[in-house]
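Should a chain be cited, it is by its letter among A, B and C, assigned in written order, with residues numbered from 1 in that chain.
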């Protein structure tokens, strides 16, 4: 595997999940594979789980890790082509990526969307330029429109905790005060649409996701209907795809509570974190037995380790 | 040892000091112990000595180290319970701690006091929440009211350099322009009160420390009297405990000079660093033969290594 | 080698270049040398290439690496002697350096010039104080007036790519909107003056470099004349040495283009990076076959590794 940016980069979803679970059982079994191999983790945005879990995965595989907070420790990056760089940006992504490729065997990069220009964000301009110019295998640490390491960890978590062969999985929109990217819901949707689950998306009117990611999903504006008999409820806020990047006024109450969970099949509640308590998700759920958010975050290590192991084998 | 937050977490002070001195003699003797074990060093505030010496100690023990500057690299943390998170904080300490516990075998955390609300600071709200929710052994990298790795290094330094069995150790207040925490003096006081030394605290009126930390110490407002025959003089500024966190106007000159040292028993001068030259402590002392501040800072490695070794053995 | 700060710290230039090329051929041949040795990389300014390539070199040699972004992660440093520290600086470089020397076997430090006070910058006050007080071998990661790891990598690149025994190497000034240090051109000049090359410097009037660095070079204000038959063209902006640190108005067009390259001997174009596209250097060159800037950046690893290997052998 030379690229891990979306579900389409994985040939066999089930095999990748099993590989992650094997890593979880034997974290240190493949340390020879990563010996003298270096991963560079490049952050253009904040990160806690991705930063720490990917480091851990790489260390488990015997790799060296170098972390770079690009704008704080390196130089302000120019992302556009064809501009005379007489402003505030100091280095073009073409050079930065190519140079990092000289120092690393694998690169992970995180780059959030601007949420201003939909075409630019959905063309994955930054991520794709980085891939194009760095010349080494790249793993997405969340790009403008996808967060595949999160989605793989989510699928691993569902596989571990499901109580029937084909569980019902519901992605529900949740309230927020800021405009958040669509990367996590997009990514979760495209992974669930390919996984062996019954997948339902529920959100208020006006918050439709890009249909490229939701092919095969059942979509409803009725949260109660969606939650009916659900085995897993994935809670996440996102801003509007149209008008792009806007916070849409929602008058109904979409905050998930224990009361609402009653109509589910004793559902496990998932969230990618960070989560704003009692805004996106109620404390009573987060502190109660239904929440699996910490377990899910723990699985980020094994998802990353499965991906890195696969990449190392193809070097 | 599952927790290292105060002198009370150490069963045998002398044994811990000896363990630190053994690490100093043979820094790499226990690298198998830390193999495939990961320490996460989490900073909510700046750090030089603690950051570098704890890394070094962990590396000496064969551990993996992951450093996280929480607010700069991760997310702005919510520390209070029961708030709807619709403001500027992005992640609650409950989730952050629990997730970090998934990735680390041991966690070190630094969290300074706010110096606004004494009850909150002295309840060690942030540190204790972190301990409660992370689920793995925790070592304090300085909390609101204590800095135990510093105090252990201080005791190691005194043990190494003392010229009589029961040396006289003086903690003297020093001037500063900013309100500093009481963590270092509190911590030094509670360690010295338990150590085999003759311990005296001297400070201007109005700068009394919390008596919980000073049981057994001789306390005087007369610096000269305190310095008499001292073997070690520990220089440190702190802000007032009452009114809490205030810089108290002090009219007398409390700055330690070589002249004042003459009444000591050729005392070694200690400071936890960073030190503001010629404000807290005179350059003539820092650059002269009495100062052991760099040696003391060097011992931070062995203090941390003794604590981490003890923790690794109990995993 | 106890110090790597300028070309004068290298006894045999050719031998050092050969050592770098040997490291490139066998990057992991000397991992026993660095075992349990720690390098501290201390940054007072941003860094991408130096940060990553020096880490990589140290890891290749089996060393532990600790990175410190001094002002962001540590404390604001006081650099001047004899001041009462009652302002915004928290720690004096004397203590900071000495303490870091306790934790590291080798220290690398980056410290840019202020470009205000020429005497201070050219006395290398910060770098030299650090060297004086840290007590361990120091490698410059770029100081106020020199960038020797860059220059060694440049020489390695020239050695690798030259097509005749004594190539013609041209350092040409390039336009910029900000005042940049003279460290890279100074350093490149002093290395080229000692290397077995025909060395020419070209720049507009008023942008003369300090002659201490250019002894033996041919200097001309006529870029075309300089480029004639050149094998390597090193492009770099710098601010004026006199009046110090000023951006000098230049009316002629100094931007290098493919058209101008025609008069060279099919020259390779070099730049230390970061480069502002179409301001300092044209995109057509950077994206074309003449540019070796990425290859050159890649060689930073082997330059650093040669220096660190030499230092490790002298510990």
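Assume a residue touches a chain if its C-beta (ideal position, glycine included) is under 8 Å from a C-beta of that chain, and two chains touch if they have at least 3 such contacts.
Since the model is a prediction, treat every value here as computed from it, not as a measurement.
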Subunit B and subunit A - chains in contact with each: C
Self-contact between copies subunit B and subunit C, residue sets same or different by half: different
For subunit A placed onto subunit C, the superposition rotation in degrees, Cα atoms, nearest 5: 120
Separation of mean Cα positions, subunit C and subunit B [Å, integer]: 39
Residues of subunit B engaged with two or more neighbouring chains: 72
Of subunit A, residues touching subunit C in the complex: 36, 38, 40, 64, 66, 68, 70, 72-75, 78, 81-86, 89-92, 94-96, 98-100, 102-104
Residue numbers on subunit B that touch subunit C, as the complex places them: 27-28, 43, 46-49, 51-53, 55-56, 59-60, 69, 72, 177, 273-279, 283, 286-287, 293-294, 297-298, 301
